[in-house]
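Next come two complexes, and both contain chain A; in the first it sits with chain B, in the second with chain C.
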Partner chain A sequence: MTELIQTIVFGLLIGGVYALLASGLTLIFGVMNVINIAHGAFLILAAFLTFSLWSGLGIDPLAAIVITTPAMLAFGWLVYVLTVRPIRRAPPSSSVLLTFGLALVLEAAMGLIWGNDSHSVRPPYFTQSFHVSQIVLPKAQVYACALAVVVLGGLWLFLARSWSGRAIRAAAVNPQGAELVGIDIVRVSAITFAIGVATVGAGGSLISVLYPFLPGAHYIWIARLLGIIVLGGMGSLRGALIGALLLGLAETFTQTYLSAQWATAVPYAIILVVLLVRPQGIMGTRLREDVAA
Partner chain B sequence: MSGRTSGHFPTRVLAACLGFAAVAALAVGCGGGGGGSSSGPIKIGISLPLTGDFSEPGGAAKQGYEIWAATVNKQGGLLGRQVQLDIKDDASDQNTVVSDYNALISRDNVNLLLGTFSSLLNLPASAVAERNHMLYVEPAGGAPEMFSRGFKYLFFAQQATANHQGDLFVKYILGLPPSERPKTAAYPSIDDPFAIPVIDSIRKKFEAAGIKTVYHDIYPPSTSNFDSIASQVKAANPDLIAHGAVFDDGIGFIRALSKVGFEPRYFFETSAPSGAAQFSNGVGIKNTEAIFYAVSNTPEAHTPGNQQFVADFKKKFGGLPAEDAADAFATGQVLQKAVEEVGSIDDQAALADYLRSNSVDTILGPLRWDDTGAPHGQFLIGQWQNGTAEVVLPKSAATTNKIENRRPGSS
Partner chain C sequence: MSSGSGRAAIPRDLGEIVSPRSVGRALVVIGAVIVITYPLISDDLFYQNMIILSLLFAIGAVGLNVIMGWGGYISLGQSSFIGLGAYTVGILATRVGGSPFIWLPAAGLIAALFALVLGAVATRLRGHSFVIATIAALFLLQIIAINWRSFTGGTTGITLPIPEWDIAYQNWPFYYSLLALLAVALLVSWRIRKSKFGTGLIAIREDEDKAATVGINTPVYKALGFAASAVFLGMAGGIYGYYLTFIDPTGMFDIILSVQIVLAVVLGGRGTLWGPVLGAFLIESINELANQQLGGGNSRLLIFGGLLALSILLLPKGIIPSIQERWERRRQRGEDARVGGRIAPAAALADRGGAAAAGDGRPRQPAPRAGRPLLEVRGLNKRFGGVKAVDECSFGVEEGSITGLIGPNGSGKTTVFNLIGGTMSADGEVWLDGRRIDRLSPWRRAYLGLGRTFQITRLFGEMTVLENVVAPVHRFSVRQLGAGAVSGPEAARAEELLEFVGMRDYRDERAAALSFGQQKLVELAQLLMLDPKLILLDEPAGGINPTLVGRIAEMIRELNRRGKTFLVVEHDMPFVLGLCEPVLVLASGTCICRGTPGEIQKDARVLDAYLGEDFTLEEPVAVRDG
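== the complex of A and B ==
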């Protein structure tokens, strides 16, 4: 029984962090129809920024979120204006190629700035744990998951309660309709892209504590995050949360009860099965493409 | 009309000029390609994982190769010609490494090759060299399957293949008094052609000696979260862990063990602990204590030329060289010796024949090979003690007389 609870705890803790990382990716797709392959590279960039703040100025990586989040927000805005906006009317495949190229450029730039070797951020709590009876709760994971919940909560409040948030939701549901009622779609897209990148500002700070990282690590992350948003339903924030928790649980259950060797294959097999039953993902909606245009 | 006519004429002239230039370039290319050129610098082609998963050791190998080339050139070059390295980045990708070596041979017309990092990349890269009948000495591809393909041009420039990396450690553990000898062991390993044979070899020897296996599993290279694996290992409560790691996974697993609150009495890990400060920065100095690992070289080793290599490295890059840098330097030394003894780079089969029949002194010590290109020597065993990486076995090469027999925090 202890083993089962421990496995669930590990799965939920890591799933919470995955949810934060995937939220920006699904938000950008939902509003802009852009599959941002550079999302993983933005995440690693934020982790490197956190590393510099921690090693250079002694700032705790979790406290560094208040710096990395606005920094990545500004960076996201800049990237949108310089690269994504010019191709906003091009087919989605163009954005895939563009953001993949962007990821490669970022990887090379990070290698030049920080070096292509492994980096780690080690605050005092990085290997400490809370113990509840026989259950282990790693402090870094608990803090990271709690912060992920706070950031996701803030994002939800922004989308639900602010005018900009409502404009983003309107643009996601019906861009033509939103434009008709006076919403500036280009401006909304810029805000969405910047917010999507800002979420990995927080996420990068969190994963810098959890794992060692290097510039090339973005490939693993983008593969995982794409899996999550496809499972949850592309464009659905709630879907990203459910998909992330399911993937976290699938990984830990496979490692514990099957074999670590299957820890990559089984979660993706689950995604495949879900998509066979619900091609639009758990929370995704089917579009009638014959009338969508 | 006249405009169109005048526009066509230069186009045809341009096309003719381009055609002539292409034919001329091909003729020049054919005449001076491969190892045919006997003047100018000797071009040596290398592909390394400078980005991607293996960028850590790949970058270190590049440093080692660069120090070797600078050393050779300072001494007057190879056969009186300066050495020029042509290094490409394979991004830790098997397809790219094949493209790189094909391009180095057929497009860049390099005279000689040096190998890449890791068995994963050397497996396909060495096949390209073999197909082109070019000598391929490599610094980091010790998986047994490297040497089961009947290749004639392949040589591994370390002391032993992967399945012998842990031999001295096993011998040491089995030689302990019964009260100190572990009774149970766990064997987690990354799915890697180098790490698995090391761990499998250790496991089989321990099992034969009566040490019970309580955990044995292989995880995919994409694994980043080790909490569940560490929790499983903790539940199995082994006296000894032998962990097959590459680098980041080695750090991640040690951190996860600390998080779940478990330390075995004995801990052996492949590759990662030889990463010097990168390793201790990753896990924290406190967590390095008493970790065993196999290693081909240390900065303190008193092998011929090692201290000069360390001094040159410090001068050029600052800090101490990682093991992978030393391995790359030694790989260059092996190639250099073969070329100097044969006296030519034209007959690469002769270079290979020389290495099959002779021992070469390197900063790793003397290296010698069998017909398959597999080396026959013995790795050193290192151990982290008080934040320093020491050599503890064999006694003749040890940098300290002390061996720590208990990880802090173990029961």
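== the complex of A and C ==
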């Protein structure tokens, strides 16, 4: 019984962090119909930035999100302007290849700067845990999950309350309609892409204390994030939250009751099964593009 | 497109001697001679190795081009097939025995089967989700190969015995078997392009929903296209594994190999026969350059990632199409463009077989029996979120009639068409000629005699007018897939139909270059190729000039005399009231009224919902039946 509860707790803690990471990916897809394959690479880049801030300047990795988030926001905006914007009228599949190319470039650049070996960030509380009766709550995971929830809350407030946020939501529902009522889609796309990358800026700092990472790890991360948004329904923010918690649980359950080796297969299996059984995911309708009038 | 600039055109005779086609042919011959004779004249193993890897990429790229260049579906999982082929050969050769070469057919078979299964999974997927599925499948296979140790050897991999042939032959068996495989792959690729299967794939690339409405069984085409992209790569993977004598999960199910294959297609030119081969040799040259000069690893990754991003940004069409395009533009300077010329007067359909026999010897339709319902719609419903676009809609269309369907904007007319044609699914029943069709796919409905046009024309833009008209398929059969894209009788029939709509002069133009009105005419000819019993026209008179409106009305009458039944959605009231009887009126997704044009104009409900109380038909109807 304890083991079951412990597994659920671990699953939910990591699921909260996943939710933050996937929110940016699903937001970008919803607004721009672009699947940003480089999302995982942006995440690892933020983790490496956190590593440098921690090892070089002694900044606490979780506190580093106040630096990594705006840094990745700016970087995301730059990447959008230089690469994604020029192909916004090209067929959607072009953006997949483009962002895949970007992911490889980022992987190579990180390898050249930080090396291809595994890195990890270990603040003092890394080995400490809270205990609630027999349930273990590692401090790093609790803090990371809490921060993810805070950042997600901020994102939600921005989308719900600010003018730009509402423009983003309008564009996600109906880009042509949004354009007709005076929303500058290119500007909204730039903001969306930058914010999407900023979420993994914060997320990169969080995962740096949870997992060891190396440049090549972006594949497993983009797989997890794609698994989440395919499961939740692509373009749906609420779907991404549900998908993230489900994937977190699926991974920890596989790890506990099957084996750690097969846990890596979970995201891929989820992607294939969901696409087979329910291509639109739990919340989404966007994935079936064949119902356009 | 003619630019009309003052620059002198290059001399015509020179242009004919040095056409890109002849230059291309010469380059292909030279390249082929070099590759065929290289091992015989040089024993340099470095270059032999380079060519062997180029051939592997080329086989992969030529295959991928079938589904990506023609079908429009990108797969980043092609190294799945290299891995499956290599593991098939490795496991069979080490456990059953024999030379790995004898197991190559099994490697091809396994790869093709996997592609068929994945293709079947992916039949419901469009664009993005297909790419994701191929990547996921690749990584899943890799994880299985790592974890299923008893079967695959896990990360230790499988070591194959060193080849036993005389050392004097070096790598010839690998080299020439890959070369032969590439030749076969090219031949098959060329054959597919010239077949109905190939035009079907291109139709899917251009407009998948439209393709389904003209009888193309899209899931089967896609799955077969994917299998065709896999089979030779699977065999090549088997040879590759034996060549390395070592098969392991990360080396075989390698996403970078996939990227390089995609890059070869993008760089060389998707949708061309030789582009993928050119791209493959370029990619392998860059590969070696990066490995030898820059130490491989991150630099190599940087180069390929950068190259992929840059080619999408700067050279999206690839090398060969870009050269062809530039050449075409130079050649066409000063030539009169055909587009914009007058449409030829409509010709009556030649009476041999007339509108009935569609070149495939199908029997002439029986004379219509008036009063028999050809189409029946019962209690149709369609919701979009909270909006009820179609609400308990019921009506019938009598055989031999030209039935009009009018109603205010947003009353659900086009949605009703989409539901009848099968582009959308709905609750309720649709019966065509005594058969219930509402659960059938769009292509099945097309086989049963349903044809439709679209409000905004949806021709296959990159195909010529003639290719568009011969694209429809009357029924699905495997043999018909292999049939030539444009058979003699079909071409004759298509020309006859183009003559009928007055567009024969435009047969070799690219469809996207036509005006809207011209596209409507071609779309009509295209749909007549299906020889439908019932023709659904969505705003045939919308957005075109009055003369053409009159001509279209004449054509509809002419076809109707020959036994075609019509259901016409239209806002042009003189057109509808002069042409159609009966007229159905749709409001808020329900059929509120049915009657003759005269009755409709006086019906209080219709005036209230649509025409307006002050409606009078001012001008006499332009087209009266003579």
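By definition in this document, the second predicted complex is superposed on the first by the 265 of 293 C-alpha atoms of A that agree within 3 Å, B and C clash if a C-alpha of one lies under 4 Å from a C-alpha of the other, contacts with A are read in each partner's own complex, and residues count from 1 in each chain.
Keep in mind that, in the parts below, a residue touches a chain if its C-beta (ideal position, glycine included) is under 8 Å from a C-beta of that chain, and two chains touch if they have at least 3 such contacts.
Predicted, not measured: the structure shown is a model, and the values here were computed from it.
Of the two partner chains, chain B and chain C are each touched by A:E107. Legend: residue contacts after superposition of the two complexes on their common chain; A:P138 is shown touching chain B, with no touch to chain C. When the two complexes are overlaid on their common chain A, residue A:L275 makes contact with chain C while staying clear of chain B. By the touch criterion defined above, A:L57 lies against neither chain B nor chain C after alignment on the C-alpha atoms of chain A. Residue contacts after overlaying the shared chain place A:N116 against chain B and chain C alike. When the two structures are aligned on the shared chain, A:Q261 is found in touch with chain B and with chain C. By the touch criterion defined above, A:V181 reaches neither chain B nor chain C.
Comparing the two interfaces of chain A, the one with chain B and the one with chain C have residues 107-108, 111, 116, 219, 223, 261, 264-265 in common.
Residues 3, 6-7, 10, 14, 107-108, 111, 115-118, 120, 122, 126-129, 131, 136, 138, 140-141, 210-217, 219-220, 223, 251-252, 255-256, 259-261, 263-265 of chain A are the ones touching chain B in the complex.
Within the complex, the chain B residues that touch chain A are 50-53, 55-56, 58-59, 91-92, 188, 191, 217-220, 222-225, 227-229, 231-232, 235, 247-248, 251-252, 255, 258-261, 275, 278, 281-284, 287.
Across the interface of their complex, chain C is touched by residues 33, 35, 83, 86-87, 90-94, 96-98, 100-109, 111-112, 116, 219, 223, 226-227, 230, 234, 261-262, 264-265, 267-269, 271-272, 275-276, 279, 287-293 of chain A.
Across the complex, chain A is touched by residues 72-74, 76, 121-122, 124-129, 131-133, 135-137, 139-140, 143-144, 146-147, 208-209, 255, 259, 262, 266, 297-302, 304-310, 312-313, 316, 414-415, 418, 423-424 of chain C.
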